[in-house]
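This structure is in structure tokens; I'll ask about it shortly.
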Amino acid sequence: MQDVTTGNKEFKPNIVAFCCNWCSYAGADLAGSSRLTYPANVKIIRVPCSCRVNPMFVLKAFQQGADGVILCGCHPGDCHYVTGNYYTRRRMALLFSFLNYMGIEKERTRVEWVSAAEGAKFSAVMNDFVKTVTELGENKRLTDLRVKEGK
Amino acid sequence: MRDVEQKMIERAAALLQNGEVARVVGWKKGEFYFDPAPAVFETVDELKDFVYNGFCGANLSKYLIKVSKNEGKTAIFMKPCDSYSFNQLVKEHRVDREKIYVIAVECQGKLDIEKIKANGVTAVTNVEENGDKVTVSSLYGETVLDKADVMLGKCLTCKGKTHQAKDEDIILHEMPAPANNRFDEVAKLEAMTEDERFAFWKEQLQKCIRCNACRNVCPACSCLKCVFDNPSSGVAAKANDDRFEEQLFHVIRAFHVSGRCTDCGECSRVCPQNIPLHLLNRKFIKDIDGFYGEYQAGETAEGKTPLTSYKEEDLEVSDVFKGEGK
Amino acid sequence: MQRIGVFICWCGSNIAATVDVKKVAETIKAEPGVVYSENYQYMCSENGQQLIKNAIKEHNLTAIVVGACSPRMHEATFRKAAEAAGLNPYMVEIANIREHCSWIHKDMDEATEKAVVLVRTAIAKVKLNAPLMSGESPVVKRALVIGGGIAGIQAALDIADAGFEVDIVEKNATIGGRMAQLDKTFPTLDCSACILTPKMVDCAQHEKIDILSYSEVEEVKGFVGNFNVKIRRKARYVDETKCTGCKICMEKCPSKKGLNDFNMGLNTRPAIYIPFAQAIPNVAVIDPEQCIKMKTGKCGICQKFCGVGAIDYTQKDEFIDRQYGAIVVATGFKPIALDNFNEYGYADNKDVITSLELERLMNAAGPSDGVLVRPSDGKHPKVITFIQCVGSRDTSGCGKPYCSKICCMYTAKHAMLIREKYPDTEVHVFYIDVRTPGKNYDEFYRRAAEQYGVDYIKGMVGKVYNVNGKLMVQGSNLIDNEQITIESDLVVLATAIEPEPSVRKIATLLTASIDTNNFLTESHAKLRPVESPTAGVYLAGVCQGPKDIPETVSQASACAAKVIGLLVKDKLKTNACVATPDEMMCNGCSQCANVCAYGAITYVEKEFRLGGGKTEVRRVVSVNPAVCQGCGACTVTCPSGAMDLKGFSSKQIMSEVEAICKM
Amino acid sequence: MIEENLIPKVGVITNVRKDTPDVKTFRVVGTDGKKLFKHMPGQCAMVSVPGVGECMFSITSSPTNEEYMEFSIKKCGCVTEVIHSMEEGSQVTVRGPYGRNFPVEEDFKGKDLLFIAGGIGLAPLRSVINYVRHYRNNYGKVVVVYGARSADDLVDFEEIKTEWKNEPNFEVYLTIDRPQEGWNDHVGFVPSYVKELGLDPNMTAVLCGPPIMIKFTLAGLLELGFDKSRVYTTLELRMKCGIGKCGRCNVGDKFVCKDGPVFRMDQLDELPDEY
Amino acid sequence: MFKIRKENLNDLYAKISESMGLYIPIKKAGEVNYHVWGEGKEVSLETLKTVRSPKDAFFPQTENMMKFKTEGKNIDIIDVRDEKRPFVLFGVKACDYKAIEVLDKVFLMDPVDTYYKARRDAITIVTLACSKPEESCFCSVFGIDATAPCGDVTAWLDENYLYWQANTQKGEELTGKVSALFEKGGEEEVKSQQEQTKTILAKLPFATLDLSRFKPENLNELFNAPEWESLSEACLGCGTCTFVCPTCQCFDIRDFKTRDGVLRYRCWDSCMYSDFTLMAHGNSRTTQMQRYRQRFMHKLVYYPSQNDGLYSCVGCGRCVNKCPQRLNIVKVINTLGGKKND
């Protein structure tokens, strides 16, 4: 891990992005084929639908040292599975509000709707999210020291 | 309260005697006035130990999951708040309503022996309830306390005195409902800065010894195997080896019961370290009310929960923190 | 433990230019579980696939990871290759090191490092993959075509000719669609009605085709091979089975002031009407908003005169449920509203018309019986100016960013027809570009410009205004670089087209995705242009993108071919990545069933053995794998984790998370 | 210096043998190629795959084998599944030896010995039997009765056929539950076979196998006149620490890992019925 | 005997902390537990019972044991124990001190638990006599004198002074380090406090508990007693009693995956948990009654039978106070112990 405080090297946040297979993953593909760049520290996990993302996965990511977690899904109403992202929306609204209630910085979590046609949006969202989290700094509040000390 | 207890014993005896029910779930005398324990009574004879007093705070509804599997009908004494949990259990098919006979009983708010002791009274040998006052006898003398000061936390923010399910009731006195807004404490935390909230929960959760009392007492935690006990879940743990695990356990537990938690307050009551766990669940309830319209779990035994339903015009996740100004 | 093979693709230079593929392959060799790691120029090529097959056999691989392009591209390819080598196809994972890596990163070190992480992540997942088997589900041998325009008609006829039942659901009172409104068609100038109406009649007479006109799709459930569709049959107030199409009611109806939609509102029609002479079905319909009887309760004249007693003012909407194996969406288009284009004076001047209105004015069955007259005064226009790209290729936000594709050609057609029929008419065309790709198209346009003397002006029109009944068209001539004003009698706007608005609802019902312009998205822009991403749903005509008649017909036939290919199968392989419950952990709470959009979850009472010879009956979940689409909504709803998703199990996703964070 | 008894040693798998469809025998040595530690017949060791878990297994090889240890492991859970997927060269961690051994140097000496095993139950007995074979002169007659569901489920069949059967004053009786093609030996359940054999009740007996087999075999032996004080068995209970601290294997006033796993039947009688 | 004014106790803590760690009851987020002392911390010696017992000090709830580094197929084992700095455990009540003896017998008995031993060796224990026992206390039943605990140093506290008496070599060493803060005297005050406390102790409601039936020879009879069913009926199967108990010592050994290897740690476990005895092919205790019975049988019968009649309950009463459903060992003793009179 980079030590942010020493400033030896620029802090590069570790971002986990969960993307639904039908819209957002395809949107990310389109960003790729359109050569719309975003930082390499965004790593995408493909899930069938945003509603597959269990809060446990989000917490797991933070535990393992992610600095930001973003979920991307089809726009509400356009879910490939009809209603999946409606549930995602409720679950994540409540979860993220709750995490913030426990003092976890609200900027570390985000949900964005990105359609298969929105390669540009995907790239813009990722750039913005990386920027926000970079400004926020390392995730220290919701992380497992045992994991990091391993290094 | 003695008259209520007397009536309860009479009804229990009658129901057992005429074979309407095979057992009665209630509370049993302990070593003191203030330590009755939940119990199942199967014979009239056993009812000699039956007790109902200000220390019967325990929510009995969860016991029905196990007890109602037995042959025959089960009668249960239920306080207003317990009836919400009961409905939720019926809704989730954990308890067969047909096999339960609900006797709604009066509740004037329950007492907390730890709060009594926190008033400097120790070596308590007896407690007497007299209306608004509580007289505590101890080896070191006698003390009179205001009942309002020594009530269980959950009773101070009582949801109301209406039973949500009943087959009959034993209500002999009026039950005044308290005026507290149960979301005040949550709002107070919300008004803090992120840093303050973090510090608050860090200190509170650091006390957690992972005894699982909150989970095991929770009527909404009725999984056959909890994810935290399941080695293949990826989050199983027996203790909090790192601060993260304190957070993980309580976040996931609160999420899992969100939309299902009736705010019965048992989690906070049983916590040996007095962590205000209800404030976690209550945040979800407050948010659900705020985001999706008021919802009280356990008000009915039917319908979908807020997390298993949706509206097309639901609040966007990005709007959750809008207008917060922090 | 798995014996994993890793295959890193260069994709020519697409990946190799920014990712050090050899280094990735080398680094990955040290990963626990990896027994083989290789890189190759084109993994998806025949040779690349052979390399994978050989490695699977030689090294006894139990799972493979391919670091290549998006799994949306070649996952199926590599799964097939693995299967051919005796491996379960689901023991394949793809690390997307092209779209998600090489194409978006420039720095070689950074991209290489990320590629390694992505491959490791795929390895972490594949370690937990289990061989999956697809189930089977029966196919209902009937197709639904939504939309009865030329696209729908063509698709329905082709499918029906192959021997399958087809229902056409058309929201209007007749099939025929936009093409029925056209006069002539480019580039051959044959009469639209002459080529369309026989097809309409074929539909009506085809024993395999059921036309559900004046109907709309209300609800779609189910999945490929097994759609359950609820259709609203709107009340016509005329018994379809009795009406003979004699039109006496139309003559007798006292309320004749309804705008005639078919003629783009250029003339009126009675409250009870048959849209046009060749309508199919040739059955009247009452407009309840206009009908005096329905509004006031008095009148009833049509009922009196109807010889067969077909009129029924009390008719209600009816709902019918039908099962289909496949669905074709052919909902068509409409010209955009011109509210944002005041500069052309469309709202203020009757003689500023759209091209589709011109079609009706020129049509023999149109409001002016085919005589070209000005809508304002019925006089023959001497100077006609056409304005191209009204609302098309518009980046200002007022119109549509796309090219509507058909305007150049129909304007050339209009100009040519006018010049031919009324040689004394002066015809000007303002254009930005003239786009005529297509067989015989450019020849057609040149004929208009060269042989018919149509005045093509490259330039934009700034303003159309009325001076004493004359339409002043003020524009720029970019060739001569001058501002010009043309005094015209009639101005025709080549209005952009957009998808018929009802497509949004259809898309939602079908869970088919839609792009920012409301065109339905095809599964792949090049390789799967007629399939929607929703299995069993196909797209024909303008609902998918602007196109002309020949293209629409081709696409409709392509759809039909796809549908036929589906319907000839007796059974379909179902999704293998379905929800899978652990009954031992399920407490039967029903939360998961509440979020299942497909009704795939039910509950059963089941007896379980406890220790010591005791048993217990518990309510436990049961998932119908033929119905489950594998979204995973249920898995998160289940607090105990009793519900998991094959292919995307919680353990798999969590180990992906771990691998990603392990940088 | 107190011996570290909770920190394991690294063991290298040098040989994997598939005994039955779900039993494999793993040969393990230290990273230096030598035997990890000394042990006595009946003792156990904790074998672990870091990150997966730790499990107690009886050491199947005889203490007289100075080169390596063997563990016969039946696939029945998370850890065993991973171990089963291991190949030569894979590493595990091993700590031990734990528990009391069979009294081979005390009570067994000079006695006629009867070994009765069912299925994987032969694994712990193999260590004793081979120990006895090694010090053959210290013991009297040896009778082995071994049964399994089918011929394929018999562990160490090769060794039994080629070595044990040829040992002097050493009787081997094999049985399988159901008839099977190519099987010319006895067919039937172990308990009934034991009774059929009419064994000498003065022998010292060692039983190991599934609980149900133990129950009925013991009843059979008692019928034949065996005394519980001369019948031994070995218990398998969930053990964690191996040194009698963690409480997991506590039954009555005994810790199986420390006071067992070898118990005499009369000792077990004193314990509450919870093992 | 030495004494120190109460208001100077902070100096004492500071002095001790100079050279050693100091674990002392400290109030944090409303609850008193043993924590490392530091300037500004709210020490609460008056608290009769900390929520968690002082057993944490040598048998912490979680303890890292070793690390495995894995590279390819190779495993490296790394002992992660650090040198145990000597520390003082301050304010241990008589019952809790007795509990340490109970734990010692388990962990220091051959084969020795080296993790426990390392911590145990590093600790100097300062006990504190009780002056205000409460209704849940019943240490006297186990022959414990709450007014005169042992330990390396024994201390007494009254309104004005803390009194200090070294009992062992370790205790003398500690006294030497801090003696500058002390004045001599206090024997009289201590004596009178002890007498006063003893009269209360004799009056405590549980002072007359009868343990006579809990003997090894009654093992099977007690085990098979039908009363266990009703006794355990309300048990939630949580670990509260176990985790607040000063003598419970069950633990689990678990692995945690870090970035580059596996951390093996041990943590408290509870025989009340349904998965305590779960193994791949079954569970030897499937009902909560069995698990409930195990805990109390172990405390009252099994442990004494292994350890010359020493009970593994010290009457601290924590479980009496903390059981969510008000079940406890006293109810067990009264219900099963009363049987001999029938």
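Each chain carries a letter (A, B, C, D and E) given by its place in the written order, and its residues are counted from 1.
Operating definition for what follows: a contact is a pair of C-beta atoms (placed from the backbone, for glycine too) under 8 Å apart; a residue touches a chain by one contact, two chains touch by 3 or more.
As the structure is a prediction and not an experimental result, all values here were calculated from the model.
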Distance in touch steps, counted as few as possible, from subunit A out to subunit E: 1
Chain of greatest Cα-centre distance to subunit D: C
Chain closest to the middle, measuring from C-alpha centroids that were averaged per chain: A
Result of counting contacting C-beta pairs for C-D and B-E, higher pair: B-E
Rounded Å distance between subunit A and subunit C, as computed from the means of their C-alpha atoms: 31
Between subunit B and subunit A, distance of the C-alpha-averaged centres to the nearest whole Å: 36
Rounded Å distance between subunit A and subunit D, as computed from the means of their C-alpha atoms: 53
Where subunit D and subunit E are represented by their mean Cα positions, the distance between them in whole Å: 39
Multi-chain contact sites of subunit A, meaning residues that touch two or more partners: 55-56, 60, 65, 77, 83, 87, 91, 146-147
Multi-partner residues of subunit C (at least 2 other chains): 595, 637, 650, 654, 658, 662
Residues of subunit E whose C-beta touches two or more other chains: 70, 73, 252, 256-257, 259, 261, 269
Residues of subunit C that touch subunit D when the two form their complex: 1
Subunit C-touching residues of subunit D, taken from the complex the two chains share: 82, 85-86
Of subunit B, residues touching subunit E in the complex: 30-32, 35-40, 58, 63, 114, 117, 122-125, 138-140, 203-204, 206-207, 209-213, 215-217, 229, 237-241, 266, 269-270, 272-275
Contact footprint of subunit C on subunit A as seen in their complex: 14, 16, 21-23, 25-26, 28-33, 35-38, 40-41, 43-49, 51-57, 60-61, 64-66, 74, 77-84, 87, 91, 115-118, 123, 147
Touching residues on subunit D, where the partner in the complex is subunit E: 2-10, 50-54, 76-78, 80, 89-93, 237-238, 240-241, 243-248, 250-253, 258, 270, 272, 274-275
